[in-house]
Amino acid sequence: MGPEALQFFIWSVAAAGFGIAIAAVGCGLAQAMGLKAAVEGIARNPESSGKVTVAMLIGLAMIESLCIYTLVIGLILIYANPAAEPITRLLG
Amino acid sequence: MGPEALQFFIWSVAAAGFGIAIAAVGCGLAQAMGLKAAVEGIARNPESSGKVTVAMLIGLAMIESLCIYTLVIGLILIYANPAAEPITRLLG
Amino acid sequence: MGPEALQFFIWSVAAAGFGIAIAAVGCGLAQAMGLKAAVEGIARNPESSGKVTVAMLIGLAMIESLCIYTLVIGLILIYANPAAEPITRLLG
Amino acid sequence: MGPEALQFFIWSVAAAGFGIAIAAVGCGLAQAMGLKAAVEGIARNPESSGKVTVAMLIGLAMIESLCIYTLVIGLILIYANPAAEPITRLLG
Amino acid sequence: MGPEALQFFIWSVAAAGFGIAIAAVGCGLAQAMGLKAAVEGIARNPESSGKVTVAMLIGLAMIESLCIYTLVIGLILIYANPAAEPITRLLG
Amino acid sequence: MGPEALQFFIWSVAAAGFGIAIAAVGCGLAQAMGLKAAVEGIARNPESSGKVTVAMLIGLAMIESLCIYTLVIGLILIYANPAAEPITRLLG
Amino acid sequence: MGPEALQFFIWSVAAAGFGIAIAAVGCGLAQAMGLKAAVEGIARNPESSGKVTVAMLIGLAMIESLCIYTLVIGLILIYANPAAEPITRLLG
Amino acid sequence: MGPEALQFFIWSVAAAGFGIAIAAVGCGLAQAMGLKAAVEGIARNPESSGKVTVAMLIGLAMIESLCIYTLVIGLILIYANPAAEPITRLLG
Amino acid sequence: MGPEALQFFIWSVAAAGFGIAIAAVGCGLAQAMGLKAAVEGIARNPESSGKVTVAMLIGLAMIESLCIYTLVIGLILIYANPAAEPITRLLG
Amino acid sequence: MGPEALQFFIWSVAAAGFGIAIAAVGCGLAQAMGLKAAVEGIARNPESSGKVTVAMLIGLAMIESLCIYTLVIGLILIYANPAAEPITRLLG
Amino acid sequence: MGPEALQFFIWSVAAAGFGIAIAAVGCGLAQAMGLKAAVEGIARNPESSGKVTVAMLIGLAMIESLCIYTLVIGLILIYANPAAEPITRLLG
Amino acid sequence: MGPEALQFFIWSVAAAGFGIAIAAVGCGLAQAMGLKAAVEGIARNPESSGKVTVAMLIGLAMIESLCIYTLVIGLILIYANPAAEPITRLLG
Amino acid sequence: MGPEALQFFIWSVAAAGFGIAIAAVGCGLAQAMGLKAAVEGIARNPESSGKVTVAMLIGLAMIESLCIYTLVIGLILIYANPAAEPITRLLG
Amino acid sequence: MGPEALQFFIWSVAAAGFGIAIAAVGCGLAQAMGLKAAVEGIARNPESSGKVTVAMLIGLAMIESLCIYTLVIGLILIYANPAAEPITRLLG
């Protein structure tokens, strides 16, 4: 059962590596949309920059949180998957 | 039946890792759309920032909930799938 | 027939994990469209915020319901599929 | 013929789980388009909110019906497929 | 010829389950386009709501009919395919 | 030659089930474009509703005809394919 | 050579069934574009409805002809392919 | 070499059936773009309808010619491919 | 080496049939863009129709030439490929 | 090594046939963009037609050159590939 | 178990190499959106350039962080994966 | 090792033939964007045609250079790949 | 284990070659967005060109950095992967 | 291990040939965006052509650099890959 056990680690690597990449794309573009709106707003109406910055930071933080969920799942898959221990033992 | 049992854990890993990534992309972009509208609104009309922020937070919270459903399913697949126990026993 | 029985659980996992992710993407973007319109509307015309919020909540709730149908199907596949019992017995 | 019989249940699971997810994406975005138009309309012209809400609810209900057709087919595939009975017997 | 006979039912399930889902996506978005136009029209010109609602209902009904064709084909595939009878007999 | 004969019926099922679904998506969106234009036109200029409705119905009927061609081909594949008879005999 | 002969009929079915569906999507959307323009034009300028309707009908007829070419090819593949006769004899 | 000879006819069928469908989609949408522009132009400026119709017909004819090239290639593949004769003899 | 020789003719068929279809889609849409601009231009400024028609015809002819290159390559593949002769001899 | 040698000619055919088709799509659309701009420009400002036509022809010629590079590579692959000679000898 | 162990390193390489590339695409486009808005804002209103630059830098830094998470995961996969050590030993 | 050596030439053919086609699509569309802008600019402001033409030619030349890099790589793969010589000897 | 060891180098090549290409596409388009905004800004308001150029250079540098991360990973995969040494030894 | 060694060279060819093609597409379109903005700017405001040309050249050069990174990696894969030497020796 060794080869299949290795498959398990291979897919953990793929899910962690590509998962975070996909999430980075999405969340990056998402943060950019908020950033774009904020920057445009400040450029048009510099006096609103305080309130705009606050709203922007709330939004960026919530989007960042989504990417961090993915990072957490990725790190769990590499370091803390409960199924990893019995499978590692199969490697002999 | 060991190799196939390992396949089960592999797919759990993949579904958890890629699922949360896909959801993060979608929900991130979704939150960004709300955030963008809110930031633009505040920049144009700073006096409406109270009501706008409330509506934005309701919306961001509901979108966040969708991503959290996915996170919950992902964690169930890793830690609490009822089918996992009899299958783990097959690993010997 | 054990390996194929495991395939059954593997696909249940995949359908639940990816299904909710796909639905989260779609419904998240959908809620975002409603949210965006509402936030823009409130920012332009703060006095309409009561009626706008009511309409927005009706819409968000109906979209949320679609995602919850998917969650329900996903949980049925994990916990309450009538075909799961005879198949589990095949695992021996 | 057991393994192929299991394939039958696997595809039922996939069709139900992914089908509802795909439909949720489409119908969610569809409802969002109606919701967006309604919310924008109310924000611009609050006095039309009664007629707008009626039209919106008719439309959302018809779109919801499409998603429910998919849910019905999905539940038929899990609980009431006429071909399922003779196939279950093949599992022995 | 049993395994291939099962394949027949598997594809019937897939065609019914995914077909209705695909149709729901398309027809949902289609109805949404009509709904959006109608709602926007009513919000701008509430006095035209009678004529607009009539035209909208004609259109939504015709689009609904397309989705129902798909539902009918799907139900034919599950319950009334003339080729199903001789194939079921092959299951023994 | 039995298994391949079954393949023939499987592809007939797939072509009928997915074909009508694909056509429904396209024709639904097409009808929606016409419907949208008509509804917008009526809302802007209610006095033109007679002529607009006539043109809309001509167009919707021609688009509906395309979907019905697909339905006809689908029903031919299920009920009236000239190649089906000699192939059914191969099932024994 | 029987199984491969069956493959021939399977692909004829697929090409006919999916071909007409694909063409219906494209031509449906195409007719919709013309219909949309015509309806908008009539709504804006009802007095031009005669000339607009004539031009629209010419265009819809030419687009319909493209879909009918596909229908003709599809029916040729089912009923009048010169290669079908010697291949049918191979089934015997 | 019989099975491969059949493959030849299968691909001819597929290339003819799908080729014309793909071309119909593209040319249909293309004709629609020209039609749309012409109809809009006539609706805005009915007096230009003579010149507009002439230009439109030239364009539609050239686009139709592209689709007819595909139809010609398709019919050549079914009825007049020089490689078909020696291959048909291989079925013998 | 007969079966592989047949593969050669199969791919020639596919490249000719699908190649011209793909080119027809692209060139059709391309001609449509030019046609659309010309028709719009004539409708707005009928007096420029001479110069516009000349420019349009130059452009449509150049785009038509691209599609004809593809047709030429397709006909070369069917009738005049230098590699076809030695390969045909392999069919015996 | 005969079958693989045939593969070489098959891929040459595919690369030539599909390559020119893909290039025709891209360059056709590209020429259309230039053509569209030129036609629009002439229609708006007929007096600029000399300079516009010159610029358009330079651009169309450069885009045509890209498609001709592809045609040249395609013809090299059919008629003048240095690797073709030793491989043809392998056909025996 | 050597070949599968090598598979593990192969997928680590792929996940690191393609992951960072995908993330670079997404985050690059994201930074570009922010940059574009900032540059446009400064060009329109040069006096706001201080505040705009600050907001832009916050946003670019947060987007850069997403790409760096991916870089970190990629470097972990190459240099610090806890599963790598026992697997390397399998290479003998 | 002959068959694999042929694979090497097959892939060289594919990379050269499709690579140039892909590059032609991209660079053609790119040149078209520049051409379009230049033509529009000249039509609006004929007096700027000298400066516009210079800038356009610089840009088209730089884009052409990208396509020529691809052409060079393609010709290297056909005529000057250092790995080709030892591999050709394997055919011997 | 030699063949699999070669697979390792093959994937390193693919990840380096395609990774940098993908990143170049994304970062190129990203830099273009910033460049476009800057050029438009300078053309409209030449006096702001100093500040605009500074902001543009900051942004282009940050986007360039993303592409360089990918280049670095690619070069690591070719020249400095810690797993390469023991695997090279497997080639014997 | 010869066949796999050839695979290594095949993938080097593919990565070099397709990689540069992909990068050419992306960078070409990117340069086109900058070029378009510059040309439009010069046409509108010919007096700004000096500053605009400088900014455009900086941007085009940075985008060109991305494509050249890809070209460099491609040439390294063909001429200077450190892994190529020991693998060439495996060809015997």
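Going in written order, the chains are labelled A, B, C, D, E, F, G, H, I, J, K, L, M and N, and every chain counts its residues from 1.
Just so we're on the same page, contacts are C-beta pairs under 8 Å (C-beta built on N, C-alpha and C of every residue); 3 or more make two chains touch, one makes a residue touch a chain.
Values in this document were obtained by computation on a predicted structure and should not be read as measured data.
In terms of the stated touch criterion, chain C and chain F have no partners in common. With angles rounded to a multiple of 5, the C-alpha fit of chain D against chain K returns 105 degrees of rotation. One inter-chain figure worth recording: chain A and chain L are separated by 37 Å, centre to centre, where each centre is the mean of the chain's CA atoms. One simple way to say how far apart two chains are is to compare their mean CA positions; for chain H and chain J this gives 21 Å. Centres computed as Cα averages put chain F at a distance of 43 Å from chain L.
The multi-chain contact residues of chain N, meaning those touching 2 or more other chains, are 3, 7, 12, 14, 16, 18, 20, 22-23, 25-27, 29, 31-34, 36-38, 40, 42, 44, 52, 56, 60, 67, 74.
Taken chain by chain, the contacts form a single closed ring in which each chain touches exactly two others.
The cyclic arrangement of chains, taken from chain B and going next to chain C, is B, C, D, E, F, G, H, I, J, L, N, M, K, A. Residues 2-3, 6-7, 9-10, 12-14, 16-18, 20-29, 31-40, 42-44, 46, 49, 52-53, 56-57, 60, 64, 67, 71, 74, 78-79, 84, 88, 91 of chain F touch chain E in their complex. Across the complex, chain N meets chain M through its residues 1, 3-5, 7-8, 11-12, 14-16, 18-20, 22-23, 25-27, 29-34, 36-38, 40-42, 44-45, 47-48, 51-52, 55-56, 58-60, 62-63, 65-67, 69-70, 73-74, 76-77, 81-83, 86-87, 90.
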